[in-house]
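Both of the next two complexes hold chain A, though its partner changes from chain B to chain C.
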Partner chain A sequence: MFDIVNIEKPDSLETALKMLSHNPDLKIIAGGTDLLIKMHNGTLENAALLSLRKIPGMDEIRCLDDGTITIGAMATFAGIFRSSIINEHLPVLSEAAVSVGGPQIRNAATIGGNICNGAVSADSAATLLAYDAELRILGTEGARTVPIREFYAGPGKVNLKPAEILTHVVIHKTGYSNTSGCYIKYSNRKAMDIAMLGVSVVCKAEEGRFSDVRIALGVAAPVPIRCGEAEDYAKGKEISYETMKEIGIYAVKASKARDSWRASKAYREHLIEILVFRALKEAVIRGGGVHIGEL
Partner chain B sequence: MENYENISMEVNGKAYSIEVDIRESLLEVLRNRLQFTGVKQGCSVGECGACTVLIDGLPVDSCIYLAVWADGKKITTIEGVSKDGELSKVQQAFVDEGAVQCGFCTPGLVLTATSLTDSGREYSDEEIKREISGHLCRCTGYNKIFNAVKKVLDDKQH
Partner chain C sequence: MAFDVVGKRTVRKDAVAKVTGRAKYADDFFERDMLVGKVLRSPYAHAIVKNIDTSAAKALPGVEAVITHEDLPRLKYATAGHPWSLDPNHRDVADRLMLTDKARFVGDGIAAVVAVDTLTAEKALKLIKVEYEVLPFVLDPEKAIEPGAPVIHEERPDNVLGASNEEIGDIKEDFSKADRIFEGIYETSIVQHCHLEIQTAYAYVDSDSRIVIVSSTQIPHIARRIVGQALGIPWGNIRVIKPYLGGGFGNKQDVIVEPLTAAMSLAVKGRPVRYALTREECFIDTRTRHAMKFYMKTAVTKEGKMLSLHMRPVSNNGAYASHGHTIVMSAGGKFRLLYDFNSIKYEPKTVYTNLPSAGAMRAYGCPQIFFALESHIEDITREMKMDPIEFRKQNLISVGKMDPHSEIVVRTFGLPECIEKGKQLIKWDEKLKKYKEQKGTKRRGLGMACFSYASGTYPHGFEIAGVRIIMNQDGSVQLQVGATEIGQGSDTVLSQIAAEVLGLPYDMVHIVSQQDTDITPFDLGAYASRQTFVSGAAVKKAAEEAKGKALEIAARRTGLSIDALDIKSARIIEKKSGNEICTLEDIAMESYYDLVNAAPIDGNASVNMRTNAMAYGVTFAEVEVDMETGRIEVVEIYNVHDSGVIINPLLAEGQVHGGVSMSLGYALSEQMLFDPGTGRPLNNNFLDYKLQTIMDTPEIGSAFVQIPEPEGSVGQKSLGENTTISPAPAVRNAVLNATGIAINKLPMTPQKVFEEIKKAGLL
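After this line comes the complex of A and B, so read on.
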C-alpha cells in the first residue's frame, strides 16, 4: 500500500485547477512511475494526490496547419515513440522516448511528468532543449508559455507555481524543419537504466557547412543544459573531423559535471567530448552527409 | 484513516465491481482481493516486470499502477491467456523452447509477448530484445525466452 491520504481525479482541467487552488498541498500525479516509487521508498509521505489520468485528450499529439507540433503532457513515451507525427518530424524525440526505462514503464510514464519532476537525467529533456521546445502551462489566471530553457530552476526544481498544470509541449516548425539529429543515452545497461550522460544534437547543414547546431546535455550539470559556446563555434564551420572534434571540446566548457557514484567528473567530461562528436557525426550522416571517421 | 472507492473493471473478460482502498496498487487488488496469484510481486518499484499485466492490451507494471486508475479498464492476467483449457500460441512456444525454469518471470513475459503478437506489428531481433527488456529472469534463461518470443512472432508473420 502507498501512503496516500487522498486522491482527486478531476475530469477537466478547470476542475483540476480549482482543486489545486483550494488545496495547495495536492501533488499532481501523471503516470506515477516516479512518484509511486518515492512513496514506496518513504521519501514522500501522507500524499494528497491529484491525478490527471481522467482528463480526456491530454495525451494528444497534433501537427497544426503551420507545422507546429503539440504534445499533450499526458502522452506516454510509448505513445510518443509510436506516433507517426513524432517519427516524421521529431525523430530524435522518438529516439529519446524509446530509451526511457523499459516497455512497461514507457506505457505509463508521461512526457509531462518527466519534465515536471525536474530530473536532470530525464531522457526527454535534452532533446526538447535541442528542438527549442516551449511549455504551455495553465493556471487559474490563464495560460502562459515558457521556453523549456527557462523552466529548469535547479536540481529537481522547475518553474511551475502552485495551482499550475503543464498541458502541452510545443515545438515550432523553425525548431525542427530541415534538421537532422541524434540522441545518445550513455548508461551501464541498454535498458531499465538511468543515463550517466544524455547527449542530444539537432543540426542544419548548408553546402558542407553547419548553419545551425544545437547541442543539449542531460546529467552534465545540475539541470539539463544547452552548450552555447560549442553552438556558437560550430555555426558556419565546415563539416569536418577537426571541427566536430573541436565542438566536442567546447561542449565540455558548458558542463558542470561532478563526481557521483554513477560516474566521476573526469569520466563524464571525457564522455561529453566523445559523445558530442559521435552524436554530431551520426546527425550529419542522417542528414545525408558523409561519414567523417571515428573518434 | 479509511478511504475506499468503488471501481468497475474487466479482468480476463469478466466484469468486476469492487471497493478498493485508494492506497492499493492494482497488483495488490488482483492478487489479494481477486486471487489472481499468477500476477507476481517482485521488486515493487517497476524494475523486474514480474507483476506485468495488460491494461487495455498494453503491458504495464501493476505494482506501480494505482487500483483506482483501473476503473473502466480491461485487464488481462496470465489466468486469462489460455482459452478452453488450451495453451495460447505464446504459452506453447514457451513450453516448446524450454523458456520456463523457476517460472517467476514467466507470467509477465508471456503477457508482454502476447501484446507483441496481438499488435500485428513486425519486430526485428533487436526490437524483440528491446520489447522484453522490462523483465528480469534470474535463471539466466534469456536466450530461450527470446527464441520462444521470436518463434511465435515468426509463425504469426508467415
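After this line comes the complex of A and C, so read on.
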C-alpha cells in the first residue's frame, strides 16, 4: 500500500506543465522505480503524482538528419538497449542500460527518471557524461538546454525547477562519431544491484595515439564526474599499456571517494585506477586495429 | 531393494498448483472486515520504556486499538520451535514478551496498532509518544561477557545465555603426545534466511470462541502451544492452520508473529487482524544465523594423524534466547562423527548482545562449525605440506563409530566414495597440476571440504511424527501428515513412500498439504532435516496398516492367506504367480459398502523415532580470483552426498542447488551490518544485503552415493540442510589454493580479499 493521494495523467506536455504550475506539490512520476521506493521508506508522504505516461512520443529514440540523437525522457532501459539507433551509435549507453536492475526494472525504469532522481550511482549518468550529452528541459517559460555536466547539483540534487519537465536527452554527432568505449559497472552482484563504482570511457584514436579520451565516473564523488586531468594527460599520448595504466592513476585525482560501510576510500580509489585502465583497454580493443603489446 | 515409486523423478505434488498460482499462501486468504496490525519499534539498541502515550494514535480515525506491554499478560515465553519438554531443565529460555517495556535491540516491539488499513496503521504509529531511558549497549559478544558490560536480561547479569564444557577422552595427554600443535581463529558473520515469503499471519475468534491463526509457519502444533503460553490460555482454545509456505529455512521454526497477531485480534474483540512483516522488519525482528568465532587448537602426529581437538566457539545470540545455546551444542554433537580424534574438548559459550535475535537456520550451527573445522584442517595440511584429501581420508571415522555422549552409531558411511566421486567430477589432479605456477591477474584454485550431519534431533530432541491414511472408494488414498511442506518437497517424498508401500501409482496418493492443529495428526513440523527420515517412518507404518486391512479383505474373499497376497499398481495379486485377483477398487468398494463387513480402510500411525542416522558429504569447488579487484568467481562446484537412498533425485538435486547457492552467499557476499555507534541496522533490505542472484550463481553439480541406511524406512537419511554446510569452506580453501591467502572471516567480499592481497604484498 502506497501513500498516494492523487494521480494526474495529462495527455500533453502543455497540460502537464499547466498542472505542475498550478499545483507545486505535484510530483512527476515516470516509471516510479525510484519514487515508489521513497514512498516505501516514508521519505515521500501524501504523494500527489503527475504521470508522464499518457503523453505521446515521450519515449521516442531518434537519429536526426545531422546525426544528432535524441532520446525521449520516457524511454525505458529495455527500450534503449534494444534500440538499433543506440546500439549502432551509442553502444556504451546500451551497455549501461542493460546493466540496470533486472528485466522487470528495465521495462519500467526510464532514462529521464534515472537522471532526474540525481543518484550518483545512476547507471546512465557516467555514460551520458562521457558522450557529452545535453538535456532538454521544458518549463512554462519555454525550453532550455543544459549540458549534463552542469545538471548535477549535489547528492540527490539536480538543477530542475519546480514546474519543469525533462523531455529529451540529446547527444550530438561530435559526441559519439568515430569513438569506441566501454562501461564497467562494478557492483557486488551481477544483477539487481547498484554500482559501487561506474566507469564509462569513450575514446577516439588516430594513428596509434589517443586523440580524445573522455572518462566519467559514477560513485566516485558526491555527483557523477568527468576525470579532467586524466583526459588532458591522455590527449595525444601513444596507446600503450603504460599510458593506459598512467591514465588510470590520473583518474583517481578527480575522485572524492569516502569511507563508508559500503566500501573504503582506499578500495574505491584502487578500483578507479584498475577499472579505468580496464575500461580503456576494452575500448581500445573494441575500436579495433591498434595493436598494443602486452594487452 | 527394488522400488517402483521410490527413487523416481516424480513431479512435485505441488508443482502445478504453485506455477499456476492455484496454491494458496497465508496472504491469499481473506476474511470479511479484516484489520491490519503494525508494530512500533525501538530506535534504540538498549533502552527502558519509561512512558508511552497512545492517546493521539487511538484518536486517529480508522484506528481500532493500540496496545502496549501494559495491555498484555506479563508472561515471559520461549519462542524456539522445539517440542515441549516435561523436564523443566530441558526447556528453552523464556525471556520474551509480546511487546516489551525494555528495548534490547533496535527494532524491539514497543506498541502495536490495529487499524482499517496499512497506511492508517502506519500513521498511527507515528502518533505514539514513547519516553525512553537510553542505556549503554553492546554488540560484540566478547565485550558483552567482560565485567561491567551492559546487562541485557536482569536474569543473566553476565549476559551468558549458555556455556558448556564437554570433554571426550583426555586432551591433556593427547596434546602432550603431539608432534605438532596448530592454532587458528575463524569467524562467521550474521546472515539471514531470506525466504521469499515474509512472516505473516492473521487471527480471529471463531464461532466457537476459539482463536484461529492462519500462519506461515513450519511448526503448527508447536506454534499452538507457544501461543497458549504467551497469552496464558488453554492450548485447546487455539487452532493453527498452515497453508502453502514460501520458504522458511528455520526462521519459521520459531514463533514470531503468531502470539501478537492473536493478541491484536483479542484487542478488537476477535475481529480478524492480519499482521504481516515488511522485508525491513523481517531482517531485524525475526531470526538470524548466529555469528560465531572459533578458537581452535589441534594436536597432530608427524604422520598426520589428528589426535586431539580443543574448540572454543563464542556464539553471538543477539537480544533474545530463541534457540540459543542449543545451536552451538547441536553442531558440536554433529561434527564429532566425522574425524577420528582420540579426544575432543568443546567449550562453547552463547552470549546475549543488543542485536536481532539469532535462531534456527538451515543446518543449525553446522555451516559455522564446519567453516572453522574445514578451514583449520586445510591450514594444517598446508603447514605440514600434506595432501589435503589424503590427510582427511586417513583421519576419517569408520562404520561402527559411536559418539560416547549421544550414543549415535554410524551404520553407513559413504564419505570416502563421495570424496572419490567429487575428485573425478572436478578433475582434481589434472587441474591442480595445471594451476601450479600462476602469476597473472586471474588465478584459479581448487578446494574441498567435508561435513557430517544427523537425521533429526534424537537423542537431544524428541522425534514424534503422525500420519493418517484414508482409502477412497476407487482405491486411491488421502495422506494426512503432520510434517509440513515448506517448499522442501516433503509432501512429494512422503507420497512416494506411501505409494511404494501401498502398491499404488504415485498419482493415486492425494496429499493433504494443509496442516490444521484441529485435524492434522500430531507431528513436530519441518526442521532438522527430519521429515523424510522421521515422518517417512510414520508414513510407512500407516501405509502398512492400511495395506494390511486391504489384504485382509482380499484374503477373506479368496480364501488365500494374507501373506500370499500383495498390491501392485492398485491391483491385488497373488505373490507367487503375479496373477491379478481383483482391483484394489473392488476391495475398497467392499470396505465401504459390504452390508455385513463394511469398515473403510485407513491407517493411523504415530512414530516416536528413537534412533538417528549420520549423513555425510563433500563439496569440491574451483574458483578464479581477480588479484586486482579481489573478486572471487566460483567457476565450478559439486556437492556429493551420502544421504542413503535418494527417494526423488529431482528434489534431491533441487536441495543441492538451493543449499549451495545459500552457502555461496554466506561465503562471498551476505552479512548483516550494524552501525557500531548506535546498533542500528545498516542494510536490512535486499539492495544492501547482498543476497546472490541467479546471475551470480554458477552451475551447481550434484552426485549421490546411495548406501541404504538400515534405520531409514526405505533406506533414507537426511539431505535438506546438509547441502549448505560445506560449500563455504570449500570455496575458502580454493581461494587459499589459488592465491596462498587464507581468509578466516566470512564473507570473503572483494574489498576484504583486496585488503588481504595487499597485506600479503601481492599487489
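What we mean here is this: the second predicted complex is superposed on the first by the 288 of 295 C-alpha atoms of A that agree within 3 Å, B and C clash if a C-alpha of one lies under 4 Å from a C-alpha of the other, contacts with A are read in each partner's own complex, and residues count from 1 in each chain.
The rule we apply is simple: a residue touches a chain if its C-beta (ideal position, glycine included) is under 8 Å from a C-beta of that chain, and two chains touch if they have at least 3 such contacts.
Everything quoted here is computed from the prediction, not taken from an experiment.
Of the two partner chains placed by superposition, only chain C is touched by A:Trp261; chain B is not. Shared-chain residue A:Arg136: touches no atom of chain B or chain C. By the document's definition of touching, of the two partners only chain C reaches A:Ile194; chain B does not.
In the superposed model, A:Asn107 lies in contact with chain B only, and not with chain C. In the superposition on chain A, contact is made by A:His270 with chain C only, not with chain B. Using the contact criterion defined above for the overlaid structures, shared-chain residue A:Tyr186 touches chain C, although it does not reach chain B. By the touch criterion stated above, A:Arg149 is placed in contact with neither chain B nor chain C. Looking at the shared chain after the overlay, A:His172 reaches neither chain B nor chain C. Taking chain A as the reference, the larger set of touched residues comes from B, when chain B and chain C are compared. In the superposition on chain A, A:Lys237 makes contact with neither chain B nor chain C.
Under the contact criterion defined above, the residues of chain A that touch both chain B in one complex and chain C in the other are 1, 3, 102, 190-192.
Taken together, the chain C residues at the contact with chain A in this complex read 117-119, 122, 628-629, 669, 673, 675, 682-683, 686-688, 690, 692-696, 749-751, 754-755.
On chain B, the positions that touch chain A within their shared complex are 1, 3, 21-25, 28, 44-47, 49, 52, 55, 58-61, 64-66, 68-69, 112, 130-135.
Chain A makes touch with chain B in their complex at residues 1-7, 9, 32-33, 36-37, 40-41, 51, 53, 78, 98, 101-105, 107-108, 190-192. Of all residues in chain A, those touching chain C in their complex are 1, 3, 42, 102, 186, 188-194, 261-264, 267, 270-271, 274-275.
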